[in-house]
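I've put the structures underneath this note.
Each of the two complexes below includes chain A, the first together with chain B, the second together with chain C.
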Partner chain A sequence: MTFDLFVLPFSIGLVYLLIVVVERFRHWYVMLPPAIKKELRHRILCRSTVNAIWEIIREGLLHKRLWQQNRLLGYMHMSFALGWFLLIVMGNLESRLYSQLHVNPPYYPIFLKFFVHDSHVLPFELTTIPGFFRFIMDFLLLFVLSGLVLALFKRSGSRWFGLHHTTKHNAVDRIALTSLWLIFPLRLLAESFTAGCFGGGGFLTNSLGRVLSAALPAEHLYYPFWWAYSFSLGVFFILLPYTRYMHIPAEIAYILLKHWGGPKITQTQSYYECGMQACSRCGVCLDYCQVACNGNSPSTAPAYFIRELRAGRAVKDITENCLLCGRCQDACPVGIGLVNLRLWARKQLTLQDRLLNCPAYPATAARTSVEVVWFAGCMTHLTPNTIKSVKQILQNSGIKYQWLDADGSICCGRPMLMTGREQEAMQLIESNRKAILDTGARILLTNCPICYKMFRDNYQLNIEIVHHADFILHLAKADKIKLPSLDQKLALHIPCELDRKSEAATALKTLVGRLKNNAQEIPMSELCCGGSLGSLGEYNSDTKQLCEAASKSITQDADVTTITACPLCKKTIDRHSKGPTKDIAEIVMETEK
Partner chain B sequence: MKEFGFQKQKDRQTDLDQIDLSQIASVLQIVDSWKRCIGCGSCAAVCTAGQFSSFNPRRTQMLARQGCYSTLALEVAKCQLCGKCRLVCPRDVDTRKLMHELKQLQISLLP
Partner chain C sequence: MSSKRIIIVGAGPAGLAAAGVLARLGASVTLIDKDPDMGGHLSKWHQLFPDRSSAQILLEQLVSEVPDEVSRIMGREVIGGNVRTNQVDLKLDEGTWITGDGLLLATGFDLFDAHRKEEYGYGIYDNVYTQAEVEQMFENGRIENRSGKIPQSIAFLHCVGSRDQKVGVSYCSKVCCVTGVKQAIEMREKLPDAIIYNFYMDLRMFGQGFEELYHDAQEKYNIRFIRGRISEAAENQQGKVIIKAEDTLTARPLKLTVDMLILLCGMQPSKHTANLADTFGFTTGPDGFLKPLGPSQNTFRTRHPHVMLAGACTGPATLTEAIQAGRSASLALYEQLFNIIN
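Up next, the complex of A and B:
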């Protein structure tokens, strides 16, 4: 007998799930632009596929990034993913040996212990290790159950898992979560009761079955437990597409799109939608979101933002409050492009007001034979000391340079881009790009990280783009500038726009390291100063709150000078912190005197 | 008689009975600090867009207050949202947020 009515809830759930998932995958594929579809088909037979499969194993099953975050957290996620995956694979192999068929009904391996209960050495086991499958299946079940125990423990002791905040789930998520958590204990009990009645089972189910059948009427209980097991599987499968568990299939699709789609894939609707579904709401981002931790809007955190997006609500506050500092993106274990996702949502909100023109540069600079063109940036014009210092550094170095925006400059376009107004940003980009290229310079120097990021990522200038921290470091290494040590206490604030892992950020750290006069470590903060142009929703009071929290993380003393390399950070921190704030150029020129 | 060249101009007074200020009231509700604006013009002095166009944040907020929607729509589109105005405002008005909100009103402001 290889059929029983109780397999129906599982089978219906599975069929429904497959239909929905295939339909979603098809939808994402159909929405891709033809050029990307072509690229995708072309790359299927390339090395990209091997890389994609390796990433699916590494992140989807082993959860390497979560292991790096916290071992307990990594183990918990791995035990569920890898344990369940291996249970399915091994169960399939085992069922084929029992049925002697290559294809079995999908429910057969899942409920195998109901259909066959062998306790003896079987003919096919004579050539392998006797009881191998019985052992391995029980071992894998135990592996998953250990993850379940950790998940239960995480509810109250999330700090042990390296998480200060955990996601709050809605009703549907909770039902799905409960059904998922019930699946494995129910499987254990169903198999144990069956083993208690009929024998069979491995080290876990057999011994538990014997204990249970001694105390309880196992022959009456085993059948209801198979029903319950099948029912919890069915409920989980039907709810999966509408809950955070959609990340299980979506993450695979996301990784494949990332590897197959080429560089332009990140700007497509399919990629955004797939990324949105690939979020597992694990809660890692919550601790990295300053607006959620130190500000007044916990729901701004990416996990909640994506939940709203999935529900088809582009909530204005949540979309706009984000600082776009990118810390969540660096921490996301799935590697979702969270900054781009937020920008995409902003684009939908500002679609209506992207019709009118921005002013352009009235005249472009004349072509001169200079090596370096210096673009101070509009924000730098509010910090004249920085301008003075950079100018002095350039003069001292003896390099031929041209100051492109001596008479002021239009914006680089980044604020517009950050608010989702791409078309207007393009107008500014084109205008600035022409002015920069007209100078014929080989190096573009800027002391504003906002401009730096914009030039690097959106201008396609094909000339070297250097941030002034990097520039000063190069001059110091070439002995064109002297860096004497400082007596005063220092703290370092890394601007978000510099991209924490970029060359310029590393140069800034190295440069400040060279300034210290003793072995004392300089405290460093990679938090956003709160003044980010990325945030549209925050009020000045929010900026103050975020800035104070960020300053507090590096210093609370009034005699500590905070060094930064961004005019906006400088203005913001100067306003809200106790001690003085100086740009790295100012500090270097001070030391020169 | 001496010809001074004076001529009668069209009345530019705002007739508040003719203007629906409910949209502006909703912006005021979001950007409460706008009420603190004294029109000092610091924002206009540092404005990035203002240096290269006729844009003036002080004038723009005045146009909004007076309900001159069609001019406001054209003016506020010039703002590049660089946020320098916010850094210099002596009254701590959320000027950048204000401009962003006014930009989003545009579709309904255009004739």
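Up next, the complex of A and C:
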């Protein structure tokens, strides 16, 4: 007997799911530009595939990044993913022992215990292969069920999982969640009742079956439970593409695209759409989103933002009030390019708009054979103390330099890019790029992290791009500048635009560490100051709240000087912190006088 | 009738006016100020808007109206104390305590700290000044820049630290508009050949005679008014100030070089006011000024019946308003303490 009517809900669900997923994957592939398709085909037989598979195992099954976040959270996700995956693999192997066929109908391994009642071997007896399988299958089921218990516990005790906030779900998600949660207890009961009637089963189902059959009419109950089990599977599969559980297939596709697509993949529609689907709404980002935590707009957090995107609602507020600080992206266990996703959504919002008249104010730079070209940036023009200090540093160093925007501020184009106006940004980039290269300088120095990021990621200059923190550190190492040793209390605010893991950010930390003449720890914040250009909302009380929270995280005292290395951070923090705020260049030069 | 002891903190126009009224009504008044001299900001001013009368003469009048019996504690700051029912105890920075039956706070304002608008270069460039420094120049009778030269071009910038959310100040300080116009006219009188600009967002000429003064500035004194805030300032090698702005009436960007940039700074609650609010738990508004019980009635009352507020400690005020508030608050306090009403 290898068929029963109750397998139908499962089978229909599975077929439906496969059709939808294959169609989505095909859609993502077809939408790729031809060059990337070529790249993708080329890389399939390369090391990229090995790397991709390893990442799928590491993040899709083992959930390494979640483990790093919190062990309970990591275990919970792993037990579901790895446990279920192994149940499928082992179930398939086990079913082959009995059917002696290479190809079984897909439902056969899932409902094996219904079709085969092998009672010859006792539980725990590992000497024969069927016994081993029965042990391992029960063990894996227990593994998944332990994750389920944790998931139930997480509903009320999310703090134990390192989460202060958890995502709130909508109706379809709740139905899918319920059917998912029912799958494994129903399987346990169906298998146990069957074991109670016919024997067989492993240490878990056999024992439970005996207990249950002693108390309940197992012979009448086991069959309905197989139906219920199949039904919950079927419902889950049919709902899957329309819920957050689409992340299961999409994450695999996302990882493959990432490894196969080459560097330009991150700017493709397929990558955005796939990334959007790869979000599991695990909720890790909620605690990292300052707008959600310290501001007044909880739905700005990526988990909710992506939910709206998936539903086809490009909600203007939450697309626009994001700070683009990138903290969520650093924390995302799936590694979704969340900043680019937000920019992509902004681009969709501005696409129907007329092109802005965005005149470039080109710098007039003659080829002067300088070593360094210095670009202060428009925000720096609002902090003349910083300009004065950087100028002094350059003069003291004896390096031949040219100040590109001495005549007044030139826009690097980042504000345009951040509002989703790529075309306008490109105009500025082209004009500035020419001016920079015309100087013939070997190094482009900027003291604005916003410009720094822009030059690095969008200009393709092929000359060295250096942020002034890094520049000062190099000068100090080469003894071209003497660093002061300070007694005053310091705190350090790392600008988001510096990219927390970049060379420049590391240099800033090292440099500030060198300023202290005692070993006292300098409190450091990697939170966004709240004044980010990324947030398109007007300057409001939210900014104040965000900035105060960021300031408080490093100091509450009026006698502490906050050091930063960004003119925008400096101006924002100066407004809301009790003590003075200074740029790293000011600190270095101030004490030299 | 036993005399009631009233403490007035702040010997600016509001405090002086109050001290005069209360002493003449028979209260025993103690006047405290952190500065060694009386007069507050008024003592540092040259001429007053709109009639260009002398600040020093007005100050002398206000001081002369304070009878000799008023005890004056100058150069002392209130650093703590308690407000109890029917009694107020204040601790001074030298450690002594004084006790009164009633308290009148007239702790005034501070000029917005121009350093906070770093883009204008105050304290960084040589020739950026505040209106208070310019008033001193008028008082000394010499208009010259840091290197001792007579300026040929001067720009006044309105609304520095006023109606500017970027420095967390959304309110209007209301007196700077007319001050800028008055100072521009004074400048013209001293420097007939100089070019004088006023950069403004809009000019709020609300008081009697203000609008007329503004018209005179344009028609008789050839002051150039440009609608648009200055966005940033830089300094050239001669120490001149390069300013960038937008003329919003012609919608054109503008860049010009001047010998002097004068920042018309707004009012913010004085440090002393903020400290007292902290110490005594007085209510402050979102702007940081002390908040009286009501906006139209009870504008000097606090939740303590025997504690009154007067003048610019409750928000930006003209000199006229500060003096009126000082007198009105004293009457209210007098009525309260001497049971005239209730």
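Basically, the second predicted complex is superposed on the first by the 576 of 593 C-alpha atoms of A that agree within 3 Å, B and C clash if a C-alpha of one lies under 4 Å from a C-alpha of the other, contacts with A are read in each partner's own complex, and residues count from 1 in each chain.
Rule of thumb we're sticking to: a residue touches a chain if its C-beta (ideal position, glycine included) is under 8 Å from a C-beta of that chain, and two chains touch if they have at least 3 such contacts.
Here the structure is a predicted model, which is why all the values come from computation and not from measurement.
A.B. asks: Is the arrangement of chain B and chain C around the shared chain A a clash or a fit after superposition?
C.D. replies: When both complexes are placed onto chain A, chain B and chain C end up clashing with one another.
A.B. asks: Of the partners chain B and chain C, which touch A:R310 in the superposed model: first, second, both, neither?
C.D. replies: Once the two structures are laid over each other on A, A:R310 reaches no partner at all.
A.B. asks: Let me test your reading of the model: by the given contact rule, A:G408 touches which partner, first (chain B), second (chain C), both or neither?
C.D. replies: After superposing on A, A:G408 lies in contact with both chain B and chain C.
A.B. asks: Which partner does A:N385 contact after superposing on A: first (chain B), second (chain C), both, neither?
C.D. replies: second
A.B. asks: Touching A:L428 in the superposition: chain B (first), chain C (second), both, neither?
C.D. replies: first
A.B. asks: Counting only touches as set out at the top, which of chain B and chain C does A:L536 meet: first, second, both, neither?
C.D. replies: first
A.B. asks: Given the touch rule stated above, what does A:H576 touch, chain B (first), chain C (second), both, or neither?
C.D. replies: second
A.B. asks: In the superposed model, which partner reaches more residues of chain A, chain B or chain C?
C.D. replies: Touching more residues of chain A than the other partner does is B.
A.B. asks: Where on chain A do chain B and chain C both make contact?
C.D. replies: Chain A residues touching both partners: 381-382, 408-409, 539-540, 571, 575.
A.B. asks: Hey, which residues of chain A end up touching chain B in the complex?
C.D. replies: For chain A paired with chain B, touching residues are 349-350, 352-353, 355-362, 378-379, 381-382, 408-411, 413, 415-416, 419, 424, 428, 531, 533, 536-540, 568, 571-572, 575.
A.B. asks: For the complex, which residues does chain B have touching chain A?
C.D. replies: Of all residues in chain B, those touching chain A are 33, 46, 48-49, 51-53, 55, 73-74, 77-78, 80-84, 86-88, 92-94, 96-97, 100, 103-107.
A.B. asks: Taking the touch rule as given, give the residues of chain C at its contact with chain A in the complex, in rising order.
C.D. replies: Against chain A, the touching part of chain C is residues 116, 118-119, 121, 124-125, 165-168, 231-235, 244, 255.
A.B. asks: If you look only at chain A, which of its residues touch chain C in the complex?
C.D. replies: Listed in rising order, the residues are 381-385, 388, 408-409, 539-540, 544, 571, 574-576.
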